[in-house]
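Each of the next two complexes has chain A plus one more chain, namely chain B in the first and chain C in the second.
So, the complex of A and B:
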């Protein structure tokens, strides 16, 4: 679900991580705020496409990133269509999609340590109100690392249940998943401590 | 880079591990009872049955566990009060390779160890590349760490610790989850090539036999120590005759 760095030499790869993060924040903000204006969506679309072209990825990668978040978008669409006029619901989902796909563009073209440094610097002013900017960055990186591990647990549990012919039930699935995830986070905390992270 | 290379390839003189009447209790359960020992061997094996206190002993050495009573010194340092320095000097690897990977890609995870140590980015890159080459992971530098095999993940865990050039490596059953080929690979590396002093907790008696000195724990007590063959023999006997 979260795109990993793809080595390259494109303009976007060479742009400093900090600049990319700031640009991304501005564009996301614009897409969110300018939501109801009719030109916002086509403009966002152009921005996304130009971005992927600049990074040297093209339509194929863009399609792949869109495909990766299909469930999230679908879920949003369904949840909103109950309460909102269809056109508005579609517009909202499209805007979220644009932001997510742009975020993927950043992780695709930026190494995580550079990204962490950039986030650290961007959040540094918040230190005065007690935000540990380095910890936020580390948390983000570890989340990216951990998602496939947890997904692996889920697959293991499903397989074990299938092997015994059990039907998929929330309790028999969620409880072992929670137990495995907690055990994993315990082990990870030990490893972090052993590597000198407080 | 040259001094670092030299330091890596030459065996380092072992530092002293000193325990005097060290006990560790979790609630009213004694994981270690009054353990006293002085160790200055290059490769120290730790054996004993499940729950005998091996991991607790290993974890004491880099401050992951705190003694309830007694005196503990590793290389002259107190792992409790000098935890930060201890964690630079004492590297630790666990059984489960998955739970040791912190960063998304192989190179990033190795680089993570060197953050905040005052190296420039270029220096970090050089050290990371050299380490990945040494452990045969260079081709996977930018690959998601999650996609490596179990054996490769354990090599990654090892690389990520050794890039920081600790003086001592503590390994708690590092081969427990590996197949025979990878057990041999990691075991050979740790016992034959590692320049650092090694504390190896293992149920694999063939690995323990290749150490210089072996400790045996039983129910939280250090019940035997000495020459590997002799200690392993007495352990086998004890298991046989209850």
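So, the complex of A and C:
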């Protein structure tokens, strides 16, 4: 699996994950509140440029991020273009694009474990109301390790059907996938119980 | 919340496995779709099935876990998208709607009987998978784009036929899953008296 993280040592890379998320929320709130006022776009542009410079990325990385969300931009334009004046539609899309590209900075400069840790820490105060943050951590880790297993099941089923010349259909594919996956989950629970988890 | 929710170990592994299924449904080339070369997003099918099979709490938790991993930066959304960005873009409302929708589906399907009834599954998927998701997605879309909400709703009609097909597919799959592996639907309370008979044979 390809993580979206880009290694680096910039100021943004060294900022704690939780702080980055909070800062980003404030910035995106500012851009969204500015809304359709004429200075929303320049404001967004300044944030994007400063953000990418602080992360040590150049125009090329920015362009790559914009390209990565091209379908999203198209979706936004199509949703609006029929009903709104073109200039307004493009302005709206550009503003949202800025927020999305800024959010990508969190992902680009933060390792996944660091973000998961931040989530774990953010959940810790909720222990008082009964949220078991250790179970949440186990759950997230377990899901990450299970994804390749399920993808393996999917490949097995696909190849078995192809070998028999069976027609590939979603329903005939999904049922065995679900059965294999849910059996796997029961085995996983037995294995964890045998090792004394909970 | 008056009722205290507590997940058993068996629920935890099911939540993890269902999150992983939703993720795999988004991997390119993982899922054959009616022999069509056009990529159709089937991840909301996974979200519907999570609600049907796992029930309201675990179903919503499975979708939530999936979304936390997307937020943390795994490129698990259809087309290799991921990262915090998707939660701040125009599609944020739909993602929140998925969690609430899975919960609503679980409530509708899960009440009373254990064997899923087709009309309950279909109704649940329509209400939770379409009404709730659109109901939360469209206002956020309109707000983020500062566009009129009624017109945004109108532009969403394009996605309706695909989602109706997914409701039908989800219903067919749920009933087939009941026949193939009824233990899937067993809730924690009943797990201690789990059916000991080995699982029905997997045919693929």
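Definition applied: the second predicted complex is superposed on the first by the 115 of 198 C-alpha atoms of A that agree within 3 Å, B and C clash if a C-alpha of one lies under 4 Å from a C-alpha of the other, contacts with A are read in each partner's own complex, and residues count from 1 in each chain.
Just so it is clear, a residue touches a chain if its C-beta (ideal position, glycine included) is under 8 Å from a C-beta of that chain, and two chains touch if they have at least 3 such contacts.
All of these numbers come straight from a predicted model, not from anything done at the bench.
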| item | value |
| --- | --- |
| First (chain B), second (chain C), both or neither touched by A:23 | neither |
| Chain B versus chain C as contact partner of A:161, first or second or both or neither | second |
| Greater chain A contact set [chain C / chain B] | C |
| First, second, both or neither for A:82, with chain B first and chain C second | second |
| Chain B versus chain C as contact partner of A:196, first or second or both or neither | first |
| Which superposed partner A:5 touches (first chain B, second chain C, both, neither) | both |
| Chain C-contacting residues of chain A that also contact chain B | 4-5, 112, 138, 142, 144, 149, 184, 188, 192-193 |
| Chain C partner contacts - residues on chain A that touch it in the complex | 1-5, 21, 24, 28, 32, 35-36, 68-69, 71-72, 75-76, 78-80, 82-84, 89, 92-93, 96, 99-104, 106-108, 110, 112, 115-116, 119, 130, 135, 138-140, 142-144, 146-147, 149-151, 154-158, 160-161, 167-186, 188-189, 192-193, 197-198 |
| Residues on chain C engaged by chain A in the complex (per definition of touch) | 4, 7-10, 12-21, 23-24, 27, 30-35, 42, 45, 49, 53, 61, 65-66, 68-69, 71-76, 79-91, 141, 144-148, 151-152, 154-156, 169, 172-173, 176-177, 180-181, 183-184, 199-200, 202-204 |
| Complex contact set, residues of chain B against chain A | 62-64, 84, 87-88, 91-92, 94, 96, 98-105, 108, 111-113, 115, 142, 144-146, 160-161 |
| Chain A residues within the chain B interface of the complex | 4-5, 7, 111-113, 138, 141-142, 144-145, 148-149, 152, 184, 187-188, 190-196 |
